[in-house]
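Every chain is named by a letter (A, B, C, D and E) in the order it is written, and numbering of its residues begins at 1.
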């Protein structure tokens, strides 16, 4: 059962990601990205990271994807052909990416990871508590920094995107 | 067939490569950003997978959380910049915005 | 300090004082410059005579040496010092008298001859420095100072020859004299270096003592010979020996009294003096080479002199020829004879030059009077018949010509005779019979061309009657020196025996120096040699009188009685004539090889410097730029090549090289990844 | 628990002060949109306070926030450099016409500047890969926006986009590398990673791949070849003040982070007391060669391409790439020696590079151009400024008696001490090449006359001259009296957890 | 020997007087041209006075070279002193000045030439303030090089000269000044960076015991570097005749060779000379070129005696090439100044040859030739400058017959020309003769070949003399005036020195002799090789 779920999510993730990357229509890409994020969230669940899965859905799907879609809408004229976004550097990119794939495959196959590579016991315990704990103990500094980052992002984005006043 | 760490890593690798491919080839800046998001997601899968299959420490998950937060912040800023570009150049095709060069 | 040495120093420095006085205050003295300088030289002459007589009365050698430079270090446990000093021996005193006498007479002569010159005081100043340097060569006791004065003679002759430097030919001649002399000096200097390297001293005494004790340069006989010959190189330059004789004829561009001074009596004699000084350390091989150089020189110059028409050129080549004679004399070992010929020749050759100066002076005045600027005042062909107009000049000139031709009762006969006897003796001992043959041949040639000159100038009819009227005898200042010198051309001053010099005071006082060369390297021992000369003397005398008489006879037949047509001969032997007239093409040869070679090399190197060396530098800059273009544009090349993978290689081969930064961020990224891959590859 | 947090906070007082300042600036900006004066004063006051606290805390050597952040001499040294650079840039901004034209958003500008500063201050102390990534992103995010600050200029916008895309991509790659390291060691803490690696690992390929992935992130931040490509474009397009800031502070932070990461992660801490403070790498991460190649490439390419630039800012961009190459030389040595040399270089570089950009900015204010041809005849029109620029450029070349020489000298000193002669030769030859383009500016200023025959002098207010002098004098002073500089750098080499 | 003025050592005064002058010049308003000129003159004159005092008080019997005790007018202060941190060791750089027989003539020459350069710059009108300020700065740099005994200090002064020189050529030079200036700069910098590396390598190889703390510390003290006992075992430059020592010597050699300049590093010289204003050419030829050979004597030879001995023949060979090549190139020139420039190449070759002889006469000859060439070539350049000021051309074929038109000028010119030819009685002869005499003992054939240079020199010099001064005066130069008092004032002292040293070389030789002997002994002794005598 676990395998089936895994392969399902894996398929969803990879396939939709491929659509994202290869689709010539940027709108399709954006929507395909939605499925990718879902798929990844599913994988998170399989990895016993329930809190992360929820966060993934909320932040990515609810935030980032929406932002991206906004971007697409604001910067493209949906009825024109412009919506199709071309590719360039295809050949070198393919070469490079193939090399990277090869490299990573090599890395993942040969490496001896920390601890075991067999699957541990699945526990039903959620991670929220632990995460919450960590956030105000060991990870309090990153937490605070993240907040500043968000502030910076807000201010920066606001400043950047604000329409110029017509002189 | 048991699902091992390697399975997850492979998915992550594929995602990473796809993301990189998007970054490298797509002309539309937003598509490039989507590619970056894919890369970040692939890294997150790694973190969680290692966290899960390793000694179950929470560190990987924490990393993933912060990455997600950062991704959001980055996306916000990125979109602002892209919009700004669009206003200036009336295009978001990266290859057309290449006036600064030697 | 020996008091006589103070006199020697006074003799040495008086002309220098004269020089300094005139160079700085010459403008104020105006026309009195000449008299001032002449006065100085007069005193000098008196002092020289005084020194001469006091020296001849004693056997001692007056010598003083001081340390000039102390290096404060030891070499082979001997303190390394550079000593200088002066020395007066018989040879020196004789030379002092010769130099001061001729110089004084030239000063007197110039009072009239140079009267209207634009740089009158400069002229006398230069005479002063010249006399100073020449005296310096004579009184010094070491090679260093000798080289110093040697060079100063070069400088002062440069100034004197180039006195009329507005004329290109004069400045060319001056330059040529200096540079050609430098070539000889180079050899001299190398010789000095060898000696210094081995003996760490440069005084004659020190060197000869060291050689006498058996120390040889590099422990090698050859190097001793080489050292001697290299020092002789100095003489080749200064004494105008083959192959460096080419400067002397050109040097006739200088004023005629200058020619008399430097090209007859002093500067050119310096070389002979150098050989005489160096004589003790010359090996038999070296002497042989020297003898041959002398012989060749005297022969070449004599042949050239035959066909020259310029009165000064004739004298110039005759000088070269006679110098060759002296060198040959020294080379064969006839030391006293060689030196004596130097002295006798100084008197009569200076006389010849001054007499020719008198003629030229007269010609000039005549031509000037007639406003004739075309006729060459020095060409014997445009003279003739001057005997009646210029009797003093003629009779003195005749005396000199007889002397140089070696006619008995003249001084020249005495010295020449002894040299010829020496050559015969030499050939007897060594079998080099070519040397006496050349010796006698040249004696005959000398008599011939000298009388040719005399006849063409003074006898027969003058070529232009109109001009003839305006020719007058020269003023007293000119003819008195002539008379003095004519007097000195009589035998009596050198030997009371009119046919042999060997019993005279000269041979007694200027005797053979002690040879220091190791025995196996030395030439024939002096006693044996002198003995043999005595044997050969009569034979030499007879032959020499014979060939001289023959030469004189042919000259009279050809030019006085005109029994033989010189022109016909000339036409018949046109190539030979041209060859001789053009001085064996030495100048052309040197111009084509050494001069053109050097200048050409210089141009080539300058080009090389500008183009290649600089080019390499600029090329390096260019290369840097190319590298920067390549490295800068590498990105474009590679990236574009990747974009069109098929075009990659052709792109590398030289497709349009584009800009470094494409401005496209994604190509940047690709390149970054490639860089990443490369780094990774370096790891694995 | 709260107590711990408060305790920890006291360790990061400077950062807290900067954070407070940036909040205050933002609030003041909301209240009074156009008052630049007060915002400048506020920023400077906050920064000076931070600076003061920093100087007070010299000598501290501990770790806070569960090992997330080190407050050690090394970090403090770089924080001082960064805060000082920020102060200078804040003042520069006050004089910049380019910035002043955007007075409506000036509050955001200072906010961004301060947040960059804050990010960088955290960067230099981060001793956890996650922290490194976060803080790097923090400073990057503000930088993206800041380089696009002059929104009216197309160049600025383009710069910000390129910076963003390149930065996002690079940090993404870096993150992926971090995730692999995590997989290999099970921790993100540098010291922890070091401990695990010391036990030996057979996964060399993974280790190498990961470290190079991480190197991509660092390389991007310090603009090392071949990860430098964004630099010229961004430097040219961004406002001069931001360019100056990026070229100094951002580079310093990047270097500090990189140095700490490599030193703490990859050095075998069991091998001690080698001469000249040399270290030994853990087997399997022989990163030295890669760094060497990186540094040679960086300085060579930077110098060679700079020869061709006509835009002074762009030329300085390439020059700063080359300078990064020299600094990397110090890293290659892998010794306390080399590290302290890099740190000295940074102090020196701070003055000379900021000075150069400052003069370029002032001249651009007056002439409106950064093209090298517009520098003709400036030597006559603005002698003080030109002489100052000449000194800065000579210092960048590395000639005595300027501070730049001391910087280079220390680098070469450490290289020779480690007997890396060959690479030192490459380094010195490069500095000869660099002379050629630096001198082009000097040549145009002094040796050539303005074609437009403009001769009226350019005058600058006293305040601007004071700032100039305060950059110029140290540049000369440290060239002759560098005692304290070396001592300070040597003391500051200590990192927490290292000997 | 010590000499303090206001409690500050005389060498410091000598070195930094021009800097004070520079500050004064900078403070003067730029309209006050006369004041600026006189200020510069006064300060350089003061420097000459000080140099004369030093010269007079200099103890001729002390050697110096490698012993601190016999260095004179020493000043030793700690400049940089970084306390050891355990792993780095202390960094100690001293402000260490002192002179010996090698540097004394150079100090005097520098002061003299600087002063003369100021006089000859009187007619400069363009940005006069900057000009004199830079000139004075240059003066400090040059003087500093000759008095420093600390390598670091030496290097700093060495580099300090570059920039003023660049500007002086670049701003006040001829039509191609930019090219010449940058060429000079790049070349010299290339040399000096190699020097820098060698210096650092030396630094880490040498350590002495710090008297203050008793611990062993690395040092930049040149004298310490000359003592083989101070080399740390296992350090990069320890041992004798190792590859690294050879490499370091070559690096140092190239650094100095560029300055000399030795073929093939010489091509910056003709360009720089031709484009530079007269005063700068004078300084360039008079002082800067000497730094190369001085550096070899002060640093190259005594610190690397083994390498110096090993590369003696190549060095002599380069000297030979310089002599012949320079002379031949000079012969082909049509530009007066370029000719003189190439003649410098040739004459510096003699210095090299003399030094390479590695015996007393050669070394002394080389050192004296440095001084003499400084004065003679300075005169030659001034002579060119005088004529260029009047005629605005330097083409050799444009002139002729100046002897009649400008008699005083021609008189001085004759002295300079014949001194350059090496005529006895003038200073050039002594030094050339000693160089050759010395060299002959070590390199027989090479010296003989080099000696041809003296013929070539006579050739091109006399040819030049003939072309410019003899013959008839072209119509266009009828208005030329003879030299004025100011020009005489700068030429006459040099002419006097040339003549006096020609007759009494002991004046200089006495100063050099002991040091030269010590240097020779040091090099030969340390290298353990004996050649010649």
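To be clear about the criterion, a contact is a pair of C-beta atoms (placed from the backbone, for glycine too) under 8 Å apart; a residue touches a chain by one contact, two chains touch by 3 or more.
What you see is a predicted model, and the numbers here were worked out from it, not measured in a lab.
Path length between chain B and chain E in the chain contact graph, taken as the least number of steps between touching chains: 2.
Think of each touching pair as a link: the shortest run of links from chain B to chain C has 1 of them.
When each chain is reduced to the average of its Cα atoms, C sits farthest from chain D. When every pair of chains is scored by its C-beta contact pairs, the maximum goes to A-B. Greatest Cα centroid separation from chain E: this falls to A. Here the chain at the heart of the shown protein, by mean C-alpha position, is E.
Averaging Cα coordinates per chain places chain D and chain E 42 Å apart.
A separation of 37 Å divides the Cα centre of chain C from that of chain E.
The distance from the centre of chain B to the centre of chain D, with each centre set as the mean of the Cα atoms, comes to 26 Å. Between the Cα centres of chain A and chain D there is a gap of 31 Å. Of all residues in chain D, those that touch two or more other chains are 130, 134, 137, 141, 144-145, 148, 151, 160-162, 165, 169, 180, 183, 186, 205, 209, 232-233, 305, 308. Contact of a single residue of chain C with at least two other chains is seen at positions 632, 660-661, 663, 665-666, 669-670, 673-674, 680.
Inter-chain contacts, as defined above, occur between A-B, A-C, A-D, B-C, B-D, C-D, C-E, D-E.
By the touch criterion stated above, chain D contacts chain A in their complex at residues 1, 5, 8, 19, 26, 64-66, 68-69, 104-105, 108, 111-112, 115, 118, 122, 130-131, 134-135, 137-138, 141-142, 144-145, 148, 151-152, 160, 180, 183-186, 196, 201-203, 205-206, 209. On the side of chain B, the complex with chain D involves touching residues 9, 12, 16, 19, 23, 29, 32-33, 36, 39-40, 42-44, 46-47, 49-51, 54-55, 57, 59-60, 62-63, 66-67, 70, 73-74, 77-78, 80-82, 84-85, 88-89, 94, 97-102. Listing the residues of chain C that touch chain A in their complex gives 639, 642-645, 666-667, 670, 673-674, 677, 680. Of all residues in chain A, only 2-3, 6, 10, 13-14, 17-18, 20-21, 26, 29-30, 33, 36-37, 40, 43-44, 46-49, 51-52, 55-56, 59-60, 63-64, 67-68, 70-72, 74-76, 85-90, 92-94, 96-97, 100-101, 104-105, 108-109, 113-120, 127, 130-131, 134-135, 138-139, 142, 146, 149-150, 152-154, 156-161, 163-164 touch chain B in the complex they form.
Against chain B, the residues of chain D that register as touching in their complex are 130, 133-134, 137, 141, 144-145, 148, 151, 154-155, 157-162, 164-165, 168-169, 172-173, 175-176, 178-180, 182-183, 186-188, 232-234, 236-237, 305, 308-309, 314.
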